[in-house]
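Chain nomenclature is as follows: A, B, C and D, assigned in order of appearance, with residue numbering initiated at 1 for each chain independently.
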Amino acid sequence: MIKAGIVGATGYAGAELARLLLMHPEAELVWAGSKSYEGQRFADIYRNINGFFDRELKADDLWAMAKECDVVFTATPQGYLSQNLKKEMLEEARFIDLSADFRIRDVSVYEEWYQLKHGAPELLKDAVYGLCELYEKEIRNTRLLANPGCYTTCSILTLYPLCKEGILDPSTIIIDAKSGTSGAGRGAKTPNLFCEVNENVKAYGVTSHRHTPEIEQELSVAAGEDVILNFTPHLIPMNRGILVTAYAGTKTGSLPSWEEIKSIYEKYYGEKKFIRFLDQGVCPETRWVENSNFVDLNVVPDQRTGRLILMGALDNLVKGAAGQAVQNMNLMFDLPETMGLAQAPLFP
Amino acid sequence: MIKAGIVGATGYAGAELARLLLMHPEAELVWAGSKSYEGQRFADIYRNINGFFDRELKADDLWAMAKECDVVFTATPQGYLSQNLKKEMLEEARFIDLSADFRIRDVSVYEEWYQLKHGAPELLKDAVYGLCELYEKEIRNTRLLANPGCYTTCSILTLYPLCKEGILDPSTIIIDAKSGTSGAGRGAKTPNLFCEVNENVKAYGVTSHRHTPEIEQELSVAAGEDVILNFTPHLIPMNRGILVTAYAGTKTGSLPSWEEIKSIYEKYYGEKKFIRFLDQGVCPETRWVENSNFVDLNVVPDQRTGRLILMGALDNLVKGAAGQAVQNMNLMFDLPETMGLAQAPLFP
Amino acid sequence: MIKAGIVGATGYAGAELARLLLMHPEAELVWAGSKSYEGQRFADIYRNINGFFDRELKADDLWAMAKECDVVFTATPQGYLSQNLKKEMLEEARFIDLSADFRIRDVSVYEEWYQLKHGAPELLKDAVYGLCELYEKEIRNTRLLANPGCYTTCSILTLYPLCKEGILDPSTIIIDAKSGTSGAGRGAKTPNLFCEVNENVKAYGVTSHRHTPEIEQELSVAAGEDVILNFTPHLIPMNRGILVTAYAGTKTGSLPSWEEIKSIYEKYYGEKKFIRFLDQGVCPETRWVENSNFVDLNVVPDQRTGRLILMGALDNLVKGAAGQAVQNMNLMFDLPETMGLAQAPLFP
Amino acid sequence: MIKAGIVGATGYAGAELARLLLMHPEAELVWAGSKSYEGQRFADIYRNINGFFDRELKADDLWAMAKECDVVFTATPQGYLSQNLKKEMLEEARFIDLSADFRIRDVSVYEEWYQLKHGAPELLKDAVYGLCELYEKEIRNTRLLANPGCYTTCSILTLYPLCKEGILDPSTIIIDAKSGTSGAGRGAKTPNLFCEVNENVKAYGVTSHRHTPEIEQELSVAAGEDVILNFTPHLIPMNRGILVTAYAGTKTGSLPSWEEIKSIYEKYYGEKKFIRFLDQGVCPETRWVENSNFVDLNVVPDQRTGRLILMGALDNLVKGAAGQAVQNMNLMFDLPETMGLAQAPLFP
């Protein structure tokens, strides 16, 4: 059994991770840490796990956790891990970080978008970007895993194959994303109250959302050239789910057929268990992936405008956070990739 | 592997049952029947099971299913099974009926509340009422299982221990219930449109809801005397979940303490895996049981009024329908009761 | 033009009151006070009133407001007005208090349920309980108006006629109420976050909600005897609306017919503009009263159990708070009762 | 008093129109027509107008209505009016059509996108496109008014000023729109059931939505050249509201400052009562316009990508349908433009 610890177990992502680990046949949750609720019974804060975990929440003590655990997950605010991680800890345990601290390879980009000083730039080279469908081999061999963001996972997986194949014109990419409210976290803030979110839709972080450089970084690697794009997130009155609607022209100006596109997606994702490329004309919807690690994808070529409309949907707390973290753990510990993640999506 | 078939697989309860069976380690879904969508791929109607079940929906052919399956689930409108079931079919397969046809022991009560002629009154004596926590022994030995209703399961489990112990005054019982909209089914009816349900709460079926006699039947058995009660369901703008708030006075006029009440619930449910009696002062909430087979219960004695307020919460599609059907299957086939039902509730 | 001021204008009730006053043909909002947002433009906090009110929020200065305004509304936490109101202020302006400070006639009951010391018990005798349909005459002649609570207004109006006529047995009354989330206020609290409220229903304040003594006080007056009842509120995932479902037996044990009941409601409410007693068999629903000052009512006699099921629906921010406050202002200033409140409910 | 009739009064747009007319000081609803509910009391179908309109729904008889009414509103499926309108009727009454029949000037474009034969192409030249902020003068002088679509109104008003000024590069325009579910109508269809829409977001009509040619027509007129654009609508789990997020590059490649953009919007909309251009950095949100005829707009220039992000929000049933129809009626009958439309948006 893998001994697992979570720093920040009482945020939505941390608690979802705990839930998944508690049902994982090869993992054991030995340390659930929480700054806000230390000393309280975890199941009194998240009553869904009542009967699954009867211990109290502990302090966030990274050194002690590194010694006691085989893997430490950090579901913490930006800056926490880079400021607290020591190289020696990595010898004691593997780390899977759900924050952005080790996602951005260029420390100056991180510091500009996050307005934070990076606390451990020397460890960046040890970190692997944990988008499982793209970096499986590297993930299997790292001890410091940067688990991707929710919008990021959805955006990159949606656009990657056609970027990688050099079909998309990188200067034309626009990503319009829609997210459920659990992505905003469990902090008690007025804009996230029920009455503020319900019966409303809004864009936010327009031109400045911090997932932008992460998407650009990975699509630039794929495209082999710098990708600068528009990314606009929107807040939707639902608990879970991200839908990405992306727009892009092609380098040649001519459009591939849907069948050609499908074959390209199959080339990259055909063996990937958690990616479902849908039938022609079927749009991804968040309800069909809720409570699962799946990503549903499709593309519509528009002959009128010469653009492709690319769509992707996932559950922001599963494939967009905790599920992918478990998937990464599985890879890092040589377990079957789908272990503990095989549930069918929940509907309705 | 148990070969399972479902008649009416494309209603919400039928599809949830299919989803649970597809993840069940000892069951195989060999026949998914649908009158409305026969011939279409099941995963094209319910895209959540895309990748889990790639076959087409078949006709509802009860004889053929009885021969091909070990267990046939009927998630059908009232009247279907009583009009189509033959005694000989029961020799071929076991039947688990999610409709009301075999729940009501008195055929005249059934015919009055459902305004239907019962098609097979002679089979009623073979049927067992499948409330697992009350009838485990009988369930293990039946071939015709009447799976209880959603409101019913929640109401009976909430009130049973104190009725059985003779504490409640049966003439004072009032059940005020609140249900998510999946309980209304997937039929295309104007009152169930998003804009009609959202931002609304209403009572319906006031004094006439058909789950009333089923609740009264079981509580009468428990109390050892006739129970006539008020049951008022309400429609809530959420997908899943039932909350029962019940009110009752006591026979003696004096109230047991919460600790005494707790010990009574432990007596009846202490060994029951899917029942969680909560800590003092903690009210059941539907969010903590969603996507699980759990029932959360608690009771508040009110010294001011001399009444008990009894509360129960469950997921209407799981413990209130498909999950309990699987639990019954497990018992009927001597499998561990929790097999395929061990997932922790989903939140948020 | 009536010069109006609001203390606590940036809570949900205060802001709804501001909105109504800004559209009122005979009122002018001259002072919008806010402790939290003083100095900010009101329309930057509530962007719906952008273009309707372009001034900044001011401090809550009760003396200055009394001098500058004809009427001061206090949409404040319990205790504020009783601790700050001076008898002399009542000579300067009329006060309409949306808190509970002057609703409870017995100061010891107030202090017990609210766990607060009352700051001005000597002013209680000057206060009138502002349930417009019951106390119109007294309201017209007061300078200190205690605007009723939201649950309270709905509960009392639902039960009043049959209590007043001596039909209901006061010892049997049970009120099960359901409220939208705006009733919980705009404070940034985790339990009111979107993801905590959405897809959930729960009871709260079971046996201890502070609207209980207010309901009991008024129904006791109506019944001419002490009424002790159960009141259980529930939180519903919607913005606005309260639905009351009440249960009661009769003194005689026999039930009046629906037609008899209807004639009793017409006796008390036939001339009341904001009360709609519905047709037989039609249940009140919150969607039909949203954004209006209406209360929809109906009653179902249940011969089986010998009880009446009484139902009422209103918009908690309008008739349950700000709309009734305007209605009270209209009465206090001899304006037509419906002025500024004539909008038809909004659907969907 | 203007005598008004509505064909199709029991759809969501028709009923909202009825509601607005019932509160309009200079209009009288003399004929509410409904094919589905003829003979039933209107207030029994839409109980919000209970007490405001006590008559029965009548048949849709266009000739009789033309004779009895000063203005006939048609809130009907596409094709109805073009197939039933006669030139002589226009001499009897003015017509305001909420369908698309007279919006598209090129009959072949209409017939291609709507897959319908146009029944009265000879009347197209008499029709005026009723986007009040652009065609006020023409609206005042027409007897046949084509009331714009909901997505269309929002999209055009958002993009018009910068198209008209020749700033936007028309080949780069992408419109990503999000709509509440009332836009899908009141027809009883499975995809619009509560449980299908709630907790979901999806794109639909990708590359083929029928509002596309209407947007292109008007922006082409503005730009003075053909505009071919991408328009992607999304269905959001809320009742009302449309949010448009549009993306466009500029002809010169350089970006105007926000202040320059603001001054352009003021040039076109400065005198327009229902348009609110927001402060810098404030994104339009649907909650701030609900239940009103307002359109909230803003633009963010993105120096990184060289694109403008343009945003607009409105209430699809008010400014997107019934409210704009009333605004058009006001203009056509020389009433103040805002009459009957002065309510402040409702929040929460």
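Going forward, contacts are C-beta pairs under 8 Å (C-beta built on N, C-alpha and C of every residue); 3 or more make two chains touch, one makes a residue touch a chain.
Bear in mind that the values here come from a model prediction, so they are computed numbers and not experimental data.
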item	value
Pair sharing more residue contacts (C-beta pairs) when A-B is set against A-D	A-D
Taking each chain's C-alpha mean as its centre, the one farthest from subunit D	B
Rounded Å distance between subunit A and subunit C, as computed from the means of their C-alpha atoms	46
Where subunit A and subunit B are represented by their mean Cα positions, the distance between them in whole Å	37
Geometric centre distance via CA averages, subunit D-subunit A, whole Å	38
Multi-chain contact residues (two or more partners), subunit D	12, 182, 195-196, 198-199, 237-240, 285, 287, 290, 348
List of subunit B residues in touch with subunit A within their complex	12, 15, 19, 22-23, 44, 46-52, 182, 199, 239-240, 276, 278-279, 282, 285, 287-292, 294, 296, 342-348
Interface residues, subunit A side, partner subunit D - complex	174, 176, 178, 180, 195-196, 198-204, 206-207, 228-230, 232, 234, 236-241, 243, 245, 247, 283-287, 290, 300, 302, 304-305, 307, 309, 311, 348
Subunit D-touching residues of subunit B, taken from the complex the two chains share	12, 181-182, 186, 188-190, 192-199, 237-239
